[in-house]
Amino acid sequence: MGVLILSSLLQQCGGILTILRKAKPLVHHITNYVTVNDCANMTLAIGASPIMADAIAEAEDIARLSSALVLNIGTLNSSTIASMLVAGKAANEKNIPIILDPVGAGASTLRNDTVARILREVYISVVRGNISEVRFLAGLSSNTKGVDASAADEMDNAADVAQRVARMFHCVVAITGAVDTIADAERVVHIRNGHPMMADVTGTGCMCSSLVGSFCGASPDWFEATAAAVLCMGIAGELAFETAGQNGTGSFRVALLDAVSRMNQNTMEERGRING
Amino acid sequence: MGVLILSSLLQQCGGILTILRKAKPLVHHITNYVTVNDCANMTLAIGASPIMADAIAEAEDIARLSSALVLNIGTLNSSTIASMLVAGKAANEKNIPIILDPVGAGASTLRNDTVARILREVYISVVRGNISEVRFLAGLSSNTKGVDASAADEMDNAADVAQRVARMFHCVVAITGAVDTIADAERVVHIRNGHPMMADVTGTGCMCSSLVGSFCGASPDWFEATAAAVLCMGIAGELAFETAGQNGTGSFRVALLDAVSRMNQNTMEERGRING
Amino acid sequence: MGVLILSSLLQQCGGILTILRKAKPLVHHITNYVTVNDCANMTLAIGASPIMADAIAEAEDIARLSSALVLNIGTLNSSTIASMLVAGKAANEKNIPIILDPVGAGASTLRNDTVARILREVYISVVRGNISEVRFLAGLSSNTKGVDASAADEMDNAADVAQRVARMFHCVVAITGAVDTIADAERVVHIRNGHPMMADVTGTGCMCSSLVGSFCGASPDWFEATAAAVLCMGIAGELAFETAGQNGTGSFRVALLDAVSRMNQNTMEERGRING
């Protein structure tokens, strides 16, 4: 996309944050028990309101009350899979955006079958995963990281994969990594924020998906909302490294939450690095 | 209550902390998976010993070993509901205090039915919730926060609601919020400690319930013990804001745990703001 | 063991860390929901890669992909017990090391029966527990801490208990406490690192077991790997206390993760205190 359009996208992203902080959308999560606390705190930090409810007996009730639904398959079991489907269908009926985080797709039959079933039975608004997980969704081999791939190759590859999945499932796709790629059927942008230390803390991907849920709960344009969330997470990673990276991963993790809680439109516009 | 009585209550509260740190009561939790780690760390920070055990096959065994039992309905499922009832009955037989945290009561039929069933089948010693949750227990509409309600109105309202629930279920009731209200059938006190930033961290309510369990496990006077726990949490919120509030919610959360771990009788008596 | 052998052991331990950071072993955990996030972050901090997967439908798949398997019984339920057995058998077939953390063994019939069943059906490589838990495995009364026991008595006792369990189950045993004891059928060493404040943070035992899994996933000598992991955890406790102990348990917990993420061979060799 052209430079002017991207500059405008950056402003839009910052604007959604301002709207989000006023709207305080309720973000329903059916998620894994490893990073659930971080997801809740990240949702609060950006200004939304988290609710984690995975019992089949209430998943539908809670989904209907919410402004967004995050389905994260990090630690599946038969009961939460059923709840995801029920909550997803309820959210679809009310046009509530649904974010799918296909954690570990490709690593086990359970995960593969579950992702396939969710995508068949529920209309997903945004998929957020790493390149390997999203390649699995595209029907490609998920073992992508050839040792010889250059960064440029990987970025081109991510754009292709993201757009392929976006078209297959009529959704927005975010592939996060050293460079992040956001695509829908027509558009592709890359975000060059973030820091490698984010990979040393568990759940930065899950937390990013919670931010996507929070932003989508505050904006009808899910492409922009997804870009805004990924920008926030990346910028927060940079700020956290500047503040606390030298101390170690424990301090970095705390500083990541700090940075999201203090994020504002100005910081997003000043530090955001989006290009087409 | 008179000023002298309240001053004496403040001293009693500080005294219970000193007893607690010597007695190190074992506090059994059947709680949600979102904030369970924070509840365990908060229980340790105040000087008690946490045990989290929700399997039906051991809930009764563990309850009998414990000095207090915390039942938190934040993430229910059919198996933990059964465990809560079994553990509750075992605790009742031995007169072990039980704290009920009715997280999200009013938000789903599952939560509403579970709270009603627990209160019917188990004798609860202390209920700790927000105004909306406790209003639900009182049989009132849980959507309480009228935009025009003044702070004074809300406080009066909390006192009425707390005492109504205290009389219905013969228990102590703590409603926490901008001002905290502690009531039993005869007494009502308000605590004016705390900081708004506590609402920006997930689980501060759950952690407060763990402190109530810890204090009740160290004192036969559950009204005083509940007041002491709510005081500790509020003062810790103030100290955490002074230390780390400017950094963001991640640092504030760490400082909250720090402040509880360093709490002592002097700090409680100096900073505690209880009035009738 | 002689001083020269112990000095060589200390160098071996440091060397395994260097290997671990290059190999980045995948460490599969079937663990409790209380400390699971800390276990994942600790695994990342030392340089390994955590995966938490407890569904019976994928436990075997994931176990086969992994370099080590950690079984932690902190919050059991019938479904995770079955997954532990299935994953354990799959790991045994591929000679993948299995670490058993018998959290609370002795405290309930469920835990006692589960530990006994795991030890009967799965070949365990390393047991890591406190003295009370390991005494239970030895068939001894688990209520060991006589008020009159001197530190020397306790250490001798730990050596006997550790070696008894090591011989019963043909495994390495680590008993962690004020002094840590590592034993196999022939060898016993004691590690005198660590800090009492580690007991004020939930899950330091679980995190230590995750480190044992990480080191065992990087070295075929599970005795040395276990010693290396226990050394790392102890030294990290000392460093964390020096950095943040005065602030309270929240900051100490963050600093513990920081210290592990910054651990290196030099620090291990300089600060490690192993003796026979």
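By written order: A, B and C. Residues from 1 in each chain.
Convention: a contact is a pair of C-beta atoms (placed from the backbone, for glycine too) under 8 Å apart; a residue touches a chain by one contact, two chains touch by 3 or more.
The shown structure was predicted, so the numbers you read here are calculated from the model rather than taken from an experiment.
Taken pairwise by the contact criterion, the protein chains are fully connected, each one touching every other. Subunit C is reached from subunit A by a rotation of 120°, derived from superposing Cα atoms (nearest 5). For the pair subunit A and subunit B, the distance between C-alpha centroids works out to 34 Å.
Subunit C has residues 33, 37, 253-254 in contact with two or more other chains. Residues 33, 36-37, 40-41, 44-45, 50-55, 57-58, 61-62, 65, 79, 253-262 of subunit A are the ones that touch subunit B when the two sit in their complex. Interface residues of subunit C, counted against subunit B in their complex, comprise 32-35, 37-38, 74-78, 104, 107-111, 200-203, 247-251, 253-254.
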